[in-house]
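Some structures are shown below for you to check.
Two complexes, one shared chain (chain A), two partners (chain B, chain C).
Moving on, here comes the complex of A and B:
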């Protein structure tokens, strides 16, 4: 048990006998000492790799041939001229936008539905949440079968309705949307849980008071639910935005970046440069660009959220 | 073949081999998963009987994971592994960098010559400079592309078989697709990247084209364009989503009897062809060497090689196992029991093996005529570039001419790096 007043400045314990200057110095900075382990971990596991990655990105580093020489900004210049990398950025942004918007909208809708305390929701909720718990490779394997042109469920339904089958993964106009759909299926439950937690923290008396004042269902949703949920919704957007930006596994397993280059994403591009060609300097430069993009989007968004919270 | 008799033969064969210390030794072997793993584990269990003091730990990995791990391990030289399996296109990256142990001094040390029974095109892939430099690895899996066609359908429609040229293949695909409802004229691997490149190469080579000519891109050529047009013509008589087909899907369509021809099959895929539990086309599919065009048959080699990392701490024991696993006796057991395709000529003429695998004579012919992928260090990148643009041509995103020019420019840039 901590001595009384341990965390209060000037009144806590001191080192050794009596309250010497070292004790006071230590005591006044106790919050820093408590933060130190986490800060060290952050430095070693996050900051150092980022800095080292930035250092490598300024070099020509061919791992197999053991070539490592300074290249200045050559890797970045090459990236800016690489049509495939630019296409990968565009595809990634498209994926992020589509998946995040759909997951947050659907997740919010489902959360409202579950919050209405419908019959059978105790059974339904675990089932709805299940996709999120499955390994992504299993999810991909299942969806590749569903999307199969000849034998897949979706095309069988279309054929039975007299409609033409769709090339879900081999039509460049549709392939990205097909992958987005898989991500929506897997990650909407995450948004659902986040929003549902927010919904259940709204006190009932607010709704009861509004009802007494004659507010309609829509008005209660518009003026009570939505404002009080705004933080959770924005947080869900931020988290899904960061996660979808890293999209790799689904593309790797389902299309390999194809058809053509229509589902090529930044992560896949970096993976190929780094782990297939072992061109580490160039892969590091692409990683720096990706980190900067995610940081820029996240910081802008988080700052706005923070500002709104404070006002 | 009786296993006990075989073991006696192995014992006699190896007891007089290298003199090894009897102290316990643990070798770590990094190899492929799936059927390759089954074959290697069988060999390891037999080896344990003749060298009880040697324990071999096998780490089976999928293709991509194996490449990553081998690269990191060999370059960093930690000496963790004593034996590594390599896909043949990797050797131009690893061998010039001195990452594997040269094998000739080890043969000299035991006073044994390299067996002349090794299939020459397969053996050459383990040498650097290719094809007759220093030997760094021995071929252990004799993979080569074969051409598959439905003999019953060819005969039903009065088509001569096997087709001798790609022009005949296109004509047969068109005719059978028109006359046989529910059967596609042909099937191939059309997925972006490695798959589409591998299915296209025998057509390109048969047309006299090459990806690399004298160290430069050879893609911008009339031969390439002619081959690409044949390939795209064949796609018209293939399943609608052939653009996502990988090995499993090709095999599924072939075994279901839904395709009259498969532009390429690999020995590891086909033992199920005549299994009534898994195949609808038992004894209906013939396997043969590829059709030619300007050049006679030109199938692609896909040899797996076994080598010893230069940093291994147990080279003598690793070399002893290398000799053991590539011996005719063990290769025959691996072929009979787990279908591992041998790399020795004599085994393709073995009556017992031919009775089991009727395509072995054709496979030997294909191995002897086989063409390796270009022996360049940047093949992975070139394959991805080509695989991307071929895929765009297949899906109609680019015209054949446009795809060819774009691929040529990108490959030229990759080679210049």
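Moving on, here comes the complex of A and C:
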């Protein structure tokens, strides 16, 4: 799966030139010694927790009451009947779909715009990219201030136009859209940069040749730009899918999952079960479901990407 | 195409570009604006595009009265330590992976796992990590976070450094080895000085990631004295809804390090951010 020649090329460096028997023993295996600390950290912090999660999820584990007993698949059965968890999955998928689609579409459009050799581009591009450089909590702070019902800018504008103010974050029909908008504002610049890099690697002579053949602007876009850009676009979709699926910080800070459960997401659900109620077994079961979901989505998608790249 | 139509379409392009700049910058200006306004002004119900009586009182309040200096200290300490650990361990791994052949394709397994980690939502590791740190009797929140953040920073460091190590010609070390230097000496004296720019770039991306991190900090830092900056800001948002001045001031100050660092790594921006996503 890795590009050829990506790692060590050819024979590799010869091992062992140290003096003394201990030195030789050490230097013979130096490549393993050098990799060991990183591999150990990965094992302890990621591989083991993922397996351990599966084990905990088969137990009733109420941390505060110090209960730990085998429960079989009861946690999973309970999850499948828990309306809030199912709503969290539905909300998460809705957030993923809306945010990813909007960010990739907008980002691609903006990349085309900023590829049009406008004057002042070198000044404008860093400004446009600024939102993605801010810490996410600062982004939340900005938008909470803008969205505020009584004193926020948006409602001030609506009122001065004689319109009814909107409950941006406390109307169950609007709250999720408001959070999606924040994500779009923050991460569209990322898609823009990614696609722009792809655009700038398309050689000019292709367009010149097409122009000589009498292709229209639209045809040049449809038959040159789009096919050559498809990998970047798919990569952008994959990266945004993975990133939006874990949505937690924005929801935690801006709505706390409410009003009702209109912005409840899977991450938030796991957080609350695990670290407000300390039902660790149940939270672990929800975590396992979440891992399976994200793996299913990303593996299916990545496999299609690889396949298309080969053909 | 007739000239007039070209001119008109150029104007449309410029207007949309300017519009985009405005949409990107305006909310940030609004934060600056709010941080400098007196509470009286932003609660007056009038929309003012700039502060009429600019004041720095909120900056003083947030840093001194609300303890942000301490949160900055926590965040900085954790970011620096986690980054140092990742860059050190990650650079050893990257060196090894670009120089040697491994049995059973260990190298590929390692790297693909490093990518796979980035697809896993951080929240799902939190229950087992929480229990693990309890069982190991590790109670120092800073130590816990420095370790836990390796989940984010180590794959990032390894993947970024791989490219830099690959570009260093192997002949340089081999010359040193034939001169009688040991492998470790060659690594320290010849290779590391040459990859310094790479180490710096990887370090900056690690710092940005950690400075931003929210999930683990929220779960492990349970008392205010352990809070990192993002947790402090979240507390501000959720608990004191209209203390906007200090909130805006704190947010701006906490963004500054990131903005400064970003300027340094502009060249690697895409590489780093794509890695943060997954690659």
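Heads up, the rule we're going with is that the second predicted complex is superposed on the first by the 266 of 311 C-alpha atoms of A that agree within 3 Å, B and C clash if a C-alpha of one lies under 4 Å from a C-alpha of the other, contacts with A are read in each partner's own complex, and residues count from 1 in each chain.
Criterion: a contact is a pair of C-beta atoms (placed from the backbone, for glycine too) under 8 Å apart; a residue touches a chain by one contact, two chains touch by 3 or more.
Small disclaimer: the values here were computed from a predicted structure and weren't measured.
When both complexes are overlaid on chain A, the residue A:157 reaches chain C alone and has no touch with chain B.
In the superposed pair of complexes, A:66 makes contact with chain B only, with no contact to chain C. More chain A residues lie in contact with C than with the other chain of the pair chain B and chain C. Of the two partner chains placed by superposition, only chain C is touched by A:253; chain B is not. When the two structures are aligned on the shared chain, A:275 is found in touch with chain B and with chain C. Contacts of A:172 after superposition: chain B is touched, whereas chain C is not reached. By the touch criterion defined above, A:24 reaches neither chain B nor chain C.
When the two complexes are overlaid on their common chain A, residue A:215 makes contact with neither chain B nor chain C.
Shared interface residues of chain A, touching chain B in one complex and chain C in the other, are 148, 256, 275. Residue ranges on chain B touching chain A, taken from their complex, read 64, 67-68, 71, 75, 93-94, 97, 191-193, 239-244, 253, 258, 377-378, 380-381, 384, 388, 391-392, 395, 397-398.
Residues of chain A touching chain C in their complex: 1-2, 6-8, 11-13, 15, 17-18, 23, 27, 30-32, 34-35, 37-39, 41-42, 45-50, 52-53, 56, 110, 113-114, 116, 118, 121, 124, 126-138, 140-146, 148, 151, 153, 156-157, 160, 185, 189-190, 193-194, 197, 235, 238-240, 242-243, 245-246, 248-249, 252-254, 256, 266-267, 270-271, 274-275, 280, 283-284, 287-288, 290-291, 294-295, 298. Listed in rising order, the residues of chain A touching chain B in the complex are 63-66, 148-150, 165, 167, 169-172, 255-261, 272, 275-278. Per the touch definition, chain C reaches chain A in the complex via residues 13-14, 16-18, 20-21, 23-25, 27-28, 30-31, 34, 42-43, 45-47, 89-90, 92-93, 95-102, 106-108, 110-114, 117-132, 147-148, 150-151, 154, 158, 166, 170, 173-174, 177, 182-184, 211-212, 214-215, 218-219, 229-230, 233-234, 236-238, 241-242, 244, 247-248, 250-252, 254-255, 258-259, 262, 266, 269-270, 273-274, 277-279.
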